[in-house]
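First chain A sits with chain B, and in the next complex the same chain sits with chain C.
Entry: the complex of A and B
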C-alpha cells in the first residue's frame, strides 16, 4: 500500500502545474548561480596567481577554495592576504571592488538557493497534501481502504521527498558536470566528498520543510489557510529568526567595532615609534611593548567575538536555517569556525616569524594551513547541528502524525 | 461606488485570518527591531565619543607628524536613523585583521528588510486571490452586475489592499516611535522625521506595486491555487534573484579589470619601470653634458667622498657638477612624471570601468522593486552609496586644511630649531583643524532618491494598467 501511495504522490506531482513551475525555477536558479559563482571563483584564482607570496616572504595567503562556488560564506575573509610587518598582521583584501551593489545583496550561491528558495519549494510540495485532498474529497476515499493514517502520511512524505530530491540531485548533477568540464575549475575527490555531505545536509533541510508543510496542512481545514500560515512560518524561520539571534546576542555581549580596534592599534603603534626616537638605545624594548599591547587588545577582541559568535549561534539555532548554514559553510571550509581557526594560525605564524627574526631577511618560513577534516568539524559542533536538523525533521513529522490521526477527513 | 468598493476590500481583509497574522507579526517584529537597533546606535554613539576622546588624549601626549594622519583619519559618526535602516553601515569590514564575521552569513535585520521582504510577501498573500478567489466564490459576477467599471474594481482592490497592509505597518512603526520618543538619549531632527515620512511614502508605493502584481496574476488565472504559485514564482525572482544577480550580470556585460592585477601593474610602472626610465634619462643627460663639460667624464662611477674632494679641488668641476646635479634631479622628476602619467591611465581606466559597472548594476537591480526600495531607504537615512560620496566631498577640504596646517606647523618647528626631525618630534597640535561630519541636507537626499521613487511609481502604474487590461478580458463566470 505504501508503494501505491508513493507512486500516486509522484504521479500527482509530475502532472501538476506546480511541479513544472517549481522545477523550472530551481533549474534556472541553480544553473545561473553555479555559472556566476564559478566565474567569480576563476577571477579570484587569477588574482591569487598575482598575490601568491614569493618564498621567504612573511605573507600568508590561502588559494581560493573551489567549494566557495557552492557556499561562499566567509571565503572573502579567509582568502585575504595576511602580510606581516613589524607591527603585526596587515590584511589586504583580494577581490575588493568599487561596485557597492555587491555589498547591498548577498551572493546568490548554491547554499543561498537551498536555504531560501528550495525551502520554499519544499513547503509548496507539502502545504496542501492533506487539506486539498479533503477539499477534493479523495482523502476519505483513500482512507476507506485498509491503510493506516501513519502509512498515508509517510507515503505522502516519501513520495513528495522523492519528487523533490530526484530533480534536485539531477539539476545539481548536470550543473556540476558542466562545471567539471571547465578546465579552470578544479576540485579534488575530497572536495566532491565534502560537496556530497553538503547535498545530503541540504536534503535533510528540505525534508524538514516538507514535514512542516504536511504538518500545517493537517492542522488546517483549507489549503489557502495552510499556505498563509506556512509562508509566515517560513519567512520567520529563514529570514527573521537567524538574524534576530545575532541582534539579541549583541545586546548581551559587547564587542568593540573593528574601527575602534584599528584606531587603538594605530595609536599604540605611533606612540611607541615616537618613543623610540627619544629613547634610541631601547628600540627593541619599545617594539616589544608595542607588540605585546597590540596582541593583548586583539586577543581581547577575538575572545569577545568568539563569545558573541557562540551565543548568537546558540540563539540562532531556534531556526533550522541557521544550523544548516553554519554546518554547510564549515564543511565547505568557508565557515566561522574555519575563519577563526585561520586567524589563530596566522597569529601563531606571526609569533614564529618574530621569534626566529626572519621578518625582514627574506627567509620567513612558509605559511602552512590545512582545512579541518569533516571528522573534526563534526566533533566541533557539526554533529550537534546535524542532529538538530534531524530532530526538527522528527518533531515536525511526529507533529504531522499527531495531527493526521486526529484529522476529520470529511 | 468607488468608496463602497474600497470599504468592501478593507472590510474583507480586516476580518481575514491573514490580516490578523500579518498584523500580529508586524506588531512584534517592527518594535523589537527598532528598539534593538536603537540600543545598538546609542552604543555606537558612545563608542564613537570614547574613540574621539582617546584620539584627543593621544594627540595631547604623542602627536608627531609621522603617521599622525593615520591616527586622525576621519570616520563617520553613527547617525540616529541607523536605528531604522542599517544600509551599508552593516557591511563587514575586510580591511582589518580582526572583524566580526556574523553579518556575512546572516545580514542584520532592519526596517528595509521588513518592508522589502516581509511586506512584499504579505502583499502577494493578500492579493493572489483578489480576482480568482472572487470568481471561485461567485461574487465577481454579482459585483459586475451592478454596472461598475472593471477599472474601478481593480483600483479599489489595489487601494483598499494597500491601505490595509500599510496602516498596520505605520501603526507598528508608530508604536516603536512612541517607545523611542520617551528614550532620553534619542533626539530626532526635523529632517530625520522628513526622511521617515519619505520612507513611509516609498513603502506605500512599494506595497501598492506588489498588490498590483498580485491582482494582475490573479486575473490571469482561473484558480487561486495556481495564482499563488505564479505570484510566489515572481516574488522569488524579483526579491531573491534579480537584485543578487544584477552585480554579477553587470560584471559580465561591463567587466572591470581586477584591482589586484591593476595594482601590480601600477606598482611595476611606478617602481621598477620608473627606475629604468630614470636611469635612461639620466644617462642621456650625462652624455649630453659630457660633450659640454668634459670634466664630468666618469662622474657616475665616483663615490660621494671623491666627488666632494674633486669639488673642493677643482672649481670647474664644481660648476659642472652643479649643472649635472640639477640635470639629474630634472631627469628623475621627468621619469616620475612620465611613469605617473602611464599609471594614471590604468587608474582612470579602472575607475571609469568600475563606475560604468556600478551604474549598470544599479540599473539592472532596479528591475526588482526591492532594489529601488533598498536604495531609497539607504540614501534617505545617509547609510547608502550616496553618503559615501558625500563623506568624501566633506573629507576633501579637511584633508587640504590638514595639509596646510601640517606644512605651516613644520615651518614653525624648523624656524624654532633648524636641526629638528620634523617628522618624529612631538608637536603641539591643539590648534589643528578638526574634522566635523555634517549630514547631507534632506533636500539633497530627496533629490538622490527621485530615480528609485520614479521607477517604483512607473512600475506600480504599469502593473495597475496591465491588471486592468487583463481583468477587462477576464471571463468572470
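Entry: the complex of A and C
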C-alpha cells in the first residue's frame, strides 16, 4: 500500500508542469551558482599564488578551499594572510571586490541555494498535498479504502522526498562533473566525502520543509491558506530568526570592536617602543612585555567574542536554517569553528616563531594547518546540530501525523 | 454472499457535531446483498453524514456502523475492504489518465495484479468512450468523471457500495446509463446505499427508500409499497411535517 502511494506521488509530480518548472529553475540556479563560485574560487587560487609566503617567511596563509564553491562561509576570513611582526599578528583583509554592490548580497553559493530556494521548493512540494486532495475529493476516495492515515502521510512524504531528492542529486552531480572538467578545480577524495555529507545534510534540511508543508497542509482546509501560512513561516525561519538571535546576543554580551582592539595594540606598541629608547637598548624585555600584554588583550577579546558567537549560535538554532548552515560550513571547512581554531593556531604559530627567535632571520617555520576531520567536527558540536535538524524533521512529521489523524476529510 | 444477508447496518446511529448541531438522530437501517437502498432528503437532512459515518470519516456520537458485520470504528481497515465509494463530484487526479486513476485506486482497493485489459474492460462496462481511456482526466466532463468514479467502485468488487448523490449534475442520458450500471451491480448481489435528491431515479432503482429529515429517518417504503403510493406526495408531505422517527 505504501509503495502504491509513493509511486502515485512520484507520477503525479512527474506529470505536472509545476514540477518541471521548479526543477528547471533549481537546475539553472545551481549551475549558475557553481559557475559563479568556481570562478570566484579560481580568482582566489590565483591570488594565493601571488601572496603564498616564501620559505622562512613568518606568514600564515591557507590555500583556498575547493569546498568553498559549495559553502563559502568564512572562507575569505580563513584564507586571509596572517603576518607576524613585532606587535604580534597582522591580518590582511581577505579577497575583496571593487564592486561594493556585492557587499549588499550574500554569496550565491550552493548552500544559499539550498537554504533559501530549495527549501521553498520543498514547501511547494508539500503545501497542498492534503488540503488540495480534500478540495478535489480524492482524499475521501483514497481513505474509503483500507489505507491508514499514517501510511497515506508517510507515502506522500516519501514520494515527494524522492521526487525532490533524485533531481537534486542529479543536478548537483552534473554540476560537479562539469566543474571537474576544469583542471583548475581539484577536489580530493576526502573533499568528496565531505561534500557527500553536506548533500545528505541538505536533504535532511529539505525533508523538514517537506514535513512542515505536509503538516500545514493537514491543518488547513484550503491549499491557498496553506500556501500563505507556509510562506510566512518559511520567511521567518530562513530570514528573520537566524538574524534575531545574533541581535539579541549582541545586547547580552558586550564585545569591544576590532577597531578598539587595534587601537589598544598600537598604543601598547608605541609605549613600549618609546620605553625601549629611554631604556637604552633593552629591546628584548620590552618586546616580551608588549607581546604578553597584547596576548592578554587578544585572549580577552577572543574569549568575549567566542561567548558572543556561542550565544548567537544557540539563539539562532531556533531556526533550522541556522543549524544547517553551521554544520554544513564546518564540514566544508569554512565555518565559525574552523575560523576560531585557525586563529588559535596562528597565535600558537606566533609564539613558536617568537620562542625560536626566527621572526627576523628569514628562517621562520612554515605555518602548518590541517582542517578538522568530520569526526572531530561532530564531536565539537556538529552532532548536536545534525540531531537538531533531524529533531525538526521528527517534530514536523509527528505534528503532521497528529493533524492528519484528526483531519476532517469531508 | 447470500441474498438477504445484511451487508450494511446502522444501529442507533447519531452524530452531534462540536458546534452542537445534531446531524443524525438515532438512525437504524440495513441494506442487504442485492438491494438498493435510497436515502432521500433535503440538504442538511443527514444523508451525507450517514455515508461519512459508514466510511469512518467521522466518529459517531452514539451507535455503530457495520460493514459485512465489522464495526467501521473498531476495525476500519478491515471494514473498508468490503465497501466501495462513489462521491458526488469527484475530480480524481487530473494529470493522470483514466487508466492510471483506475490503476491507483484498484491497487488501494486490494487489486494489485490487474492489467491494462482489466481496466479497459471495466471502463467499457461503465460506457466510458474508448478514446478517453488514455486521456488525462482533467479534460473529462462531469459525466465522464462519474463513470470513471463508478468504474473505481466496480473494480474493487466490494460487496457494499456507498454512493453520495452520484447523479447530481449529470445530464439525463448519463444519469440513465448510471442507473443501468447500478441495476447490473444489484444483480451481482451488491448492497447499495445511495443518497440522492432525485425522487424519480430513487423510485426507479430503489428496492427500499428512506426519507430523512433533520437527521431522522422519518419514512421507509419498499418498492412494493410504492406501487400503490405516490412517492412524490409522500416526500412533499414529510418535508412539510414535523419529523418523527420511523
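The working rule: the second predicted complex is superposed on the first by the 408 of 410 C-alpha atoms of A that agree within 3 Å, B and C clash if a C-alpha of one lies under 4 Å from a C-alpha of the other, contacts with A are read in each partner's own complex, and residues count from 1 in each chain.
Note that a contact is a pair of C-beta atoms (placed from the backbone, for glycine too) under 8 Å apart; a residue touches a chain by one contact, two chains touch by 3 or more.
Given the structure is predicted, the values throughout are model-derived calculations rather than measurements.
*Asks:* Counting only touches as set out at the top, which of chain B and chain C does A:352 meet: first, second, both, neither?
*Replies:* In the superposition, A:352 touches no partner, neither chain B nor chain C.
*Asks:* If we overlay the two complexes on their shared chain A, which of chain B and chain C does A:307 touch? Say first, second, both or neither.
*Replies:* After superposing on A, A:307 lies clear of both chain B and chain C.
*Asks:* With both complexes superposed on chain A, which partner does A:264 reach: first (chain B), second (chain C), both or neither?
*Replies:* First partner only, chain B.
*Asks:* By residue count, is chain A touched more by chain B or by chain C?
*Replies:* Chain A has more residues touched by B than by the other partner.
*Asks:* Quick check for you: in the superposed arrangement, does A:283 touch first (chain B), second (chain C), both or neither?
*Replies:* neither
*Asks:* Taking the superposition on A as described, I'd like to know which of chain B and chain C A:235 touches: first, second, both or neither.
*Replies:* Only chain B is touched by A:235; chain C is not.
*Asks:* In the overlaid three-chain picture, which partner chain does A:136 touch, first (chain B) or second (chain C), both, or neither?
*Replies:* A:136 sits against chain C, while chain B stays out of touch.
*Asks:* Between chain B and chain C, whom does A:77 touch in the aligned arrangement: first, second, both, or neither?
*Replies:* Touch status of A:77: first partner only.
*Asks:* Residue overlap on chain A between the chain B contact set and the chain C contact set?
*Replies:* The answer is that chain A has no such residue.
*Asks:* Can you list the chain B residues touching chain A in their complex?
*Replies:* Spelled out, the residues of chain B in touch with chain A are 17-18, 21-22, 25, 29, 32-33, 36-37, 39-40, 43-44, 47, 50-51, 54-55, 58, 61-62, 64, 66-68, 70-71, 75, 88, 91-109, 113, 117-118, 121, 125, 129, 224-226, 228-230, 232-233, 236-237, 240-241, 243-252, 256, 258-261, 264, 351, 354-355, 357-358, 361-362, 365, 371, 374-375, 378, 384-385, 388, 421, 424-426.
*Asks:* Which part of chain A faces chain B closely enough to touch in the complex?
*Replies:* Going by the criterion above, the answer is residues 17-18, 21-22, 25, 29, 32, 36, 39-40, 43, 46-47, 50-51, 73-74, 76-77, 80, 82, 88-91, 93-108, 112, 116-117, 120, 124, 128, 132, 223-225, 227-229, 231-232, 235-236, 239-240, 242-244, 246-248, 250-251, 254-264, 266-267, 269-271, 273-274, 277, 298, 301-302, 305, 308-309, 312, 316, 322, 325-326, 329, 336, 339-340, 343, 346.
*Asks:* State the interface residues of chain C toward chain A in the complex, per the touch definition above.
*Replies:* It is residues 48, 52, 55, 57-58, 76-78, 80-81, 83-85, 87-96, 100, 104-105, 107-110, 112, 149, 152, 156, 162 of chain C that touch chain A.
*Asks:* Across the complex, what residues on chain A touch chain C?
*Replies:* Where chain A meets chain C, its residues are 1, 4-5, 8, 11-12, 15-16, 136-138, 140-148, 408-410.
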